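Quick heads-up: structures coming right below.
In what follows, chain A forms one complex with chain B and a second complex with chain C.
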Partner chain A sequence: MPLDTLYLAETPEGIALALRPAGLVARGLAWMIDLAIRLGLLVAASIVLRALGGFGGALLLITYFALEWGYPVVFELSKSGATPGKRIMGLQVVMDSGLPVTPGASIVRNLLRTADFLPFLYAFGAATLLLRADFKRLGDLAAGTLVVYSESVTLHGALPPADPMPPARTLTQTEQAAVVAWAGRAPRLTPARFEELAELADSIAPAPQGGATAPRLLGVAHWLLGHRGAPR
Partner chain B sequence: MRVEALALQLRPRPMAEAADLGVLLVHRHARSLLRTWAPLFAVVALLALATIEIRPWLPTLLLFCLKPWLDRSLLFVLARAVFNDETRFADLWAQQRTVWWQGLLSTLTLRRLSPWRSYTQPALQLEGQRGKARRQRRAQLLAGKRGAAFGMHFVFANVEIALCAGLAMLVVWFAPEGLHRNVLSWLWQSAGVGNQLVLALAYALVIFVLEPFYVAAGFVMYLNRRVELEAWDIEQEFRRAFA
Partner chain C sequence: MTPRQFEETRAPQWQELEALLEKAENTSGPAGKRWDGARLAALYRATCEDLALAEARSYPIHLTGRLQALTQRAHRQIYRRQGWGLRRAGRLVLIDFPQAVRAQRGYLLLALALFALPLLAVGWASWRDPGFILHLMDARQVQQFDLMYGPGDAGIGRERAADTDWQMFGYYVMHNIGIGFQTFAAGLFAGVGSAFFLVFNGLFLGAVAGYLIARGYAENFLSFVVTHGAFELTAIVLAGAAGLRLGRAFLAPGRLTRLQALRAAAAEAIVVVYGVVLFLLVAAAIEAFWSSARWITPQVKYGVGAACWLLVAAYLLWQGRPARGGDDAR
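Here is the complex of A and B:
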């Protein structure tokens, strides 16, 4: 079994969902961005509230409390399911069943930030992120939540034009996906590398002696995508 | 490189996700790492700690400066681990000329200052290029990925500080009732050898635990970059399906 970071969640309908849990690097950076935002808001609030004297000081303490405890919960329950820092890093908080995070779970996972904060500066939280394969910290364990990557990387471009042609044999789904992915990668690869990869799949695009394999395999890719007839 | 023999599932990933995969790589090959990394690091750490009599801050500085050199052994083990090869100390010993002594000067000087050393190190250590080709390779790896590589380094540097501080705080917490304040001021302010030894030990322990993760994260990010540049994921699929 090749090593992968996927987390398999099963829906009540028996469908296996592969979630991509996020670990130390992405979450560490997201946390730092959020910290900077909270600090910025706090500094702004203190400048405004200083004018109010003692009453302002009390308001400032309330603001601090609200920022510390409310900020993550409010943003996690919003539509994007992520604080601004997480959003910048392309992360999202979900239940470990793949469903959107519930208010109760969001509150629990953020209350337990104190447990991760101890003994000092999130040392415990960092340790759990390094030691668990699903990258859950204590709060995630208690609330049954998961921080996942919400965006995927696409290296695909448009397919170069070619005459559609059927493959020499029936292809499985993964094989079809691989051929189409190869074709979509054309703009990123040198022609030599593109051809080198095509020759690995020579057997499904047989042709007269000589000549490059890439144009024929491209034709197969177009055929797999449902293009028939004249070149596009 | 036998791409089809790689024991990692290749697909286009964000750089941070590749770093996470590095963490799992350390989990899976913890045994190989322990067998090679523990004895090597024990020797280096003991030698470094022995210098505490000369200057109290010297062990910490020595460990800090030696990290890029220590990383080379870790990368050697991890580069075999991605092909599911176990490593014993004898394997490392047999390769010591390339792993330990090649490019020693740059490892201890320039590499120490690089803010993304674990990401570019595989290109320097494993690809075996020199001179201009090597500089071009490094620039190609970094193009557009400087931020991600530095971000990873930055996170690990901060975790290192947090873990060190956490360990030091544990010492304070285990102090007898009512003496916490005294222990704290002893730990941070006294100029003796005892407290510096505790801090240096905590630092050594953190390096021992964290450095494999850091090197693995950079290494898998490097592999991820090659997936992007050379379509390794497609090569892997094609070789599995059609070869």
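Here is the complex of A and C:
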């Protein structure tokens, strides 16, 4: 069973897009930011409209209505596909095919917030969200939408330079991939941890007595990528 | 082919795609003027192929990661939404909404029964015995209704200033559309929520109507509700029907999974909800500016109200039917 929560959406071209659904905390914070923004706008509107008397009162009610129901839809259909709160949290609403959210789906998911809100403070929404690997609330389920992180994280960088070196034995494809993936994580690991991981693969690049395995295994990684001869 | 060779031969294409995407993301307007849409599509397909190869051959993750990010961006550009279109809105009003209502005839009848039967039963009961209303609401609320529809000065339909009309419009829009949305959304819980709101509103309205008629305020009350009721009551029943559609999908998904059934039902029901919003906006405007105007005699209001009911019924029954003898109207 995979440990991460990647959601794979297949495109008509036959490739799988990996989306990263956002969990309860990120979405809760985004909701709170949005709530603060909406309240702020409402307070500002009430100060301005107070001056207009009864007609202003009408506009205020309509403003309240628009902020309650229109705010999320308008922002989700904008280019960024996110309300300001979601944008600050780096989130985005997409269809579960990975495409930008459609007007119909956005309206469905925001109307059904009413159902998610029941019985109090989004309890149903939070419960369904926590029970599912793709973190959908009821509105998302009905509309077929997902809230995902808009930016992908890069855990693997370019390989640090080393002398290419053939492996000491034949490697399966999985082993090759593991060695190269290990090498790609060099910028994110401490040298000690990097060496510790390398020693697990001692049989691939046996180090001379007392020597470090990491530089030799790094050489194997370069060799696997196709480097031969002198380092770049 | 080693990963290095692969990257070296393909990188120019990826860079071209990246540059093209940069352009496409930062300029609005249709493709073809400022950037080459056909080229973007071709590059996208080529990159998809590269990604599939790279994944099949377990190439290093930084390589597949880069390709994944690139294809994802291109995918969003290529399949992006093509505008809102006023024509679609027009089509919605003229064809899709009435058709969707007729397609959900069964739910509509059920919703109507859930709303109208309690209304008639309680209306009859509180007409026979005006004290019956106290089973449903407390005395203070009843007094307010007396004040509103009674002969006194404080009643509804007093000659009020224009800004109060606007205020009431705002209030009706917010309050009524909120109720409409609730009635629809609560259907998600196996339809129980929608049924509850329908019955509840039916009971409430029936009790008030029966009570006021028994007290002899029939003209004030009926001339007030008849016009906007055509839109408002219809809208509540329609919202309830859409909610029941959702609930049915949950209870009896048929050969689909519950989730698939729910999604299909939501896609159908949302068309009706668009119409509900439209109806409620019309109702709010009528309620604020027409129903409460006292300078209009009740006879005129009855006439206009009857016309509105006929209009709504005709719209829902006949609008958007295919022309006789022609192909499907679509």
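A few comments on the model shown:
Assume the second predicted complex is superposed on the first by the 149 of 232 C-alpha atoms of A that agree within 3 Å, B and C clash if a C-alpha of one lies under 4 Å from a C-alpha of the other, contacts with A are read in each partner's own complex, and residues count from 1 in each chain.
FYI, contacts are C-beta pairs under 8 Å (C-beta built on N, C-alpha and C of every residue); 3 or more make two chains touch, one makes a residue touch a chain.
Remember, it's a predicted structure, so these values are computed and weren't measured experimentally.
Of the two partner chains placed by superposition, only chain C is touched by A:H227; chain B is not.
Once chain A of one complex is fitted onto chain A of the other, the partner contacts of A:L112 are limited to chain C, with no touch recorded for chain B.
Contact with neither chain B nor chain C is seen for A:A205 once the two complexes are overlaid on the shared chain. Within the superposed three-chain model, A:T154 lies in touch with chain B and with chain C [touch as defined at top].
In the superposed pair of complexes, A:G98 makes contact with chain C only, with no contact to chain B. When the two complexes are overlaid on their common chain A, residue A:V73 makes contact with neither chain B nor chain C.
Once the two complexes are laid over each other on the shared chain, residue contacts for A:V25 go to chain B alone; chain C is not touched. Legend: residue contacts after superposition of the two complexes on their common chain; A:T5 is shown touching chain B, with no touch to chain C. When the two structures are aligned on the shared chain, A:L218 is found in touch with neither chain B nor chain C.
Shared contact residues of chain A with chain B and chain C: 152, 154-155, 174, 177, 181. Residues of chain A that touch chain C in their complex: 11, 13-15, 17-18, 53-55, 57-62, 64-65, 68-69, 98-100, 102-104, 107-108, 111-115, 118, 138, 141-144, 152, 154-159, 173-174, 176-177, 180-181, 183-184, 224-227.
Note for the complex: chain B touches chain A at residues 6-9, 12-14, 16-17, 19-21, 23-25, 27-28, 151-152, 154-156, 158-159, 161-163, 165-170, 173, 210, 213, 217, 228-231, 233-235, 237-239, 241-243.
By the touch criterion given at the top, residues 2-5, 20-26, 28-29, 32, 89-90, 119-124, 126-127, 130, 133, 135, 149, 151-155, 172, 174-175, 177-178, 181-182, 185, 188-189, 193, 197, 200-204 of chain A touch chain B in their complex. Residue ranges on chain C touching chain A, taken from their complex, read 2-5, 44-45, 48, 51-52, 57-62, 65, 68-69, 71-72, 75-76, 79-81, 84, 161-164, 166-171, 173-174, 177-178, 181-182, 184-186, 188-189, 193, 246, 259, 262-263, 265-267, 270, 273-274.
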